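Below you'll find a set of structures to go through.
In what comes next, subunit A is part of two complexes: it sits with subunit B in the first one and with subunit C in the second one.
On to the complex of A and B.
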């Protein structure tokens, strides 16, 4: 479904991703793990084209998306839940969801998607008129995921969904990710610090270190080697 | 939602239309007409500052371009004033697009610098192109006509007042609609979190450019109306100082609030006039009032007004708690 080949990307002159290749198959959950600053978030941002690509190619559903701007990648079906949630704090929960559906707004499908989000995240229904900034951290994360899902993505990129949240809420969010997979409509690429938990629900994983993929394999291998990897990564 | 927008709008429109019933002095009406022009400019600038998060230091130039283009096309070439007005708006819009396109792609206040330079260039142009603009002594090569609507000639302060404020009210309505539409939601998203807005597929650079173009068109419209009211244009009112005054009006009124833009324009136009009675102290009092607004109403008149309401309801809530407890 997604094929990222030998990409190089970064911020201005600062090169973060040196040479990374990953692929994601339809229906999978793939996890990227690695220490801080290894380029996980950079990789996701480059896939949605928020960051310029300096070298390499990104192929989504057989189509090269190297030169597309973010508004095109969103309408092709890639959605990003950014690290640190980045919800629109001064806007209402409803407005946030409306913005999620920004590229594909259609009254009928919008209502349908909204209902679906309210089933997945009942708390958002209670709080739909509230300003997003007044939600709790967990609710904001749910909103960030729901907002991304409103664009009906085929590939959902989740950047650190457990960051700064209480363990109970983290579990809740991972359950939701599992539910999404069970629905079978969305493929998921997950970036996590919480490696054990992320690997538990994923099919495959990649380990990044200083901008390069240093290890990859199916879940079982990664779990077995998690201690090794941890020792290796420090 | 819609009712919440329209009720204050209708009340404001009624007040504006009733003012000439009570105030007959052409001098006072003249001040209010001036406030109308500034309201038009500030409503556009407020979108640029409050939503695109950029500052323009060249809006007096767009105001001037509107004025001079109308003056030259009608006075010099005998065009129909309304057509000249539209052509002036197109010229200003195209120039704004040319400035905005490269400078709004970059992060940081490049637009402020570009517009500051543009304002100076335009000001020098008005002064130096004597054959076209008349230079420092103003445009005297032709007679600028009054505006006409059918058989009605807009030739006194009373008529000018009604026409100007009718246009201000129209643009106010347009802006209120923009803010509460899908476009407005996208703009608010850009203001709240630009990167997240991009991740949602909002074309942020394009939106910023178009908002800037729109604001230049409003300023140009104000300039054309001004030229057909005063029937004379000279470089003076289009200097950089006025661009800064417009930015001040928007900040005092409350950035990002369309009502704030109108309130700021009204306040900062009327205030210096009412303070004239204090003679030498007027600047002191004027500065004091601005300082007070900035210190105690940091969100501007409208931001501050909202804070004040929140404070009131907070007090009421506390009283209730005391009563209940």
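On to the complex of A and C.
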């Protein structure tokens, strides 16, 4: 579904992602793990074209998307749930979800999608009229994921969904990710510091270190190697 | 039978993407964890993260057997010994042994690849697999053992028991699959004839043979001796052991497991990479090995690669059967000869066995090649006339084919095989 070949990206003169090639197959959950500053988030932001590409190519469903602006990648079916949520705090939960559907708005499907979100995240239904800024951290994360799903993505990129959340809430979020996979509509790429938990629900993973991929493999190999990775690679 | 359709029949385009990804992480790890590769890359200004393609890979110098010896024993290891769960060493066919290690994941991959090898030959869980490879430092026994266990076959690890014992076990335990070196298979076949056991008494149906080059003539001999289908398999301990490439039921080349290795064919003299289809030395890069990654390892084996699709639906490239090694080239009076060329000539001569040995010595400043050939058991050793006729027949044919005069010595059957059933092909007595 997604093929990333030899991409390099960074901020200004600072090259963060030195070289990365990854692929994600339809229906998979793929995790990117690695220490702070290794380039995981940079990789996600580059895929949705929020960061300029200095080298390499990104191919989504057979089509090169190197030169597309970020909004086009959303209409193609890639949605990013950014690190730190970035919800629209002064707007209501409903308005946030409405904005999520901006690229594909259609009254009928909107209602349908909204219902689906309220099934996935019952808490959001209870708080649909509340201002997003007044939600708890966990609820905000749920809203951020729901907002991304409103654009009907084929590929959902999740950047640190567990960050700053209580363990119970984190479990809840991961359960939701699992539900999404069970629905079979969304392919997921997950960036996580909580490697064990992320690998638990993943099919495959890549380990990044200082902007390069140093290890990759199916979940079982990575779990076998988490100790090694921690001690010698990351 | 395809063991892992996802990887063995993956579209070419996806294979290439996966190879690049795995290559890049292998290079990053090797650079970071193997001092030899760090020094090598630095010396040649190779920055691992700038390797974007297979063309870029070609800038990296070759790794050779000599490299492994210089870094003996653990210098090429990319993980600390506490992560290594197994250590093997090369069979030492061509000199001093070299050491290789496996992490738990490496062993898991190895089992998976060996399961593919067995499934390719049609071996499944209902089979009884007799493994007559040495179980020890040599990788052959253990490699097949893991694969056979993984597919759920019944494994009989006979190792290098004497041929007679192999036959008894084969007959009594109802072995369906024989795994060993082709020359050991021939020894077992000889014993079978000697004991006058009808191959129909056996339940053998498949044989997988490897660890040394073997000709189609040997294949035919093995197949007719046991009434089985004989498949060729290829591997080397420096790369993994067995489980690098193997024949499918179509027997038109050995499928190389490209999700674990990147093959290249080079001109052995210049090191230049040759286009697809040309014959040269096989160079392999491991892309999943954790303990001892090998980057552009020169195998010394002469072959060619084809990427045309195979009727078996596997998409990985195929190696042509290997019958030469770069280091077997002998030069007599300036003529370059590969032992297999002599083998090919001998295969046209009647009343001989496909067992031969080349003795080279210097007589009065001249190189002399003497070929020892085992005669067929049907020949009466006391019949001097027949022997002389065979001898001159061989001499004439070799002169006609290769343009050199050789001396021929006929020896009795089963006198050339050494320990483990391997024949030392070339004995070079010339100093230097």
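For the reader, a short list of remarks on this structure follows.
Please note the rule applied: the second predicted complex is superposed on the first by the 232 of 234 C-alpha atoms of A that agree within 3 Å, B and C clash if a C-alpha of one lies under 4 Å from a C-alpha of the other, contacts with A are read in each partner's own complex, and residues count from 1 in each chain.
Here is the rule we go by: contacts are C-beta pairs under 8 Å (C-beta built on N, C-alpha and C of every residue); 3 or more make two chains touch, one makes a residue touch a chain.
Here the structure is a predicted model, which is why all the values come from computation and not from measurement.
In the model built by aligning both structures on subunit A, subunit B fits alongside subunit C without clashing. By the touch criterion defined above, A:224 lies against subunit C but remains apart from subunit B after alignment on the C-alpha atoms of chain A.
By the touch criterion stated above, A:128 is placed in contact with neither subunit B nor subunit C. When both complexes are overlaid on chain A, the residue A:23 reaches subunit C alone and has no touch with subunit B. In the superposition on chain A, A:91 makes contact with subunit B only, not with subunit C. Seen from the C-alpha centre of subunit A, the directions to the centres of subunit B and subunit C diverge by 150°, a value given as a multiple of 10 for the model superposed on chain A.
In the superposed pair of complexes, A:116 makes contact with neither subunit B nor subunit C.
Once the two complexes are laid over each other on the shared chain, residue contacts for A:211 go to subunit C alone; subunit B is not touched.
Of all C-alpha pairs linking subunit B and subunit C after the chain A fit, the shortest spans 27 Å. Against subunit B, in their complex, subunit A makes its touches with residues 48, 50, 69-71, 73-75, 79-80, 82, 86-91, 95, 98-100, 102-103, 105, 147, 151.
The residues of subunit B lying in touch with subunit A in their complex are 182, 185-186, 188-189, 191-193, 195-203.
Those residues of subunit C that touch subunit A in the shared complex are 14, 17-18, 20-22, 24-25, 28-29, 32-33, 48-50, 52-53, 79-80, 83, 103-105, 108, 288, 290.
Remark: subunit A residues 3, 5-6, 18-23, 56, 206-207, 209, 211-217, 220-221, 224-225, 228, 232-233 touch subunit C in the complex.
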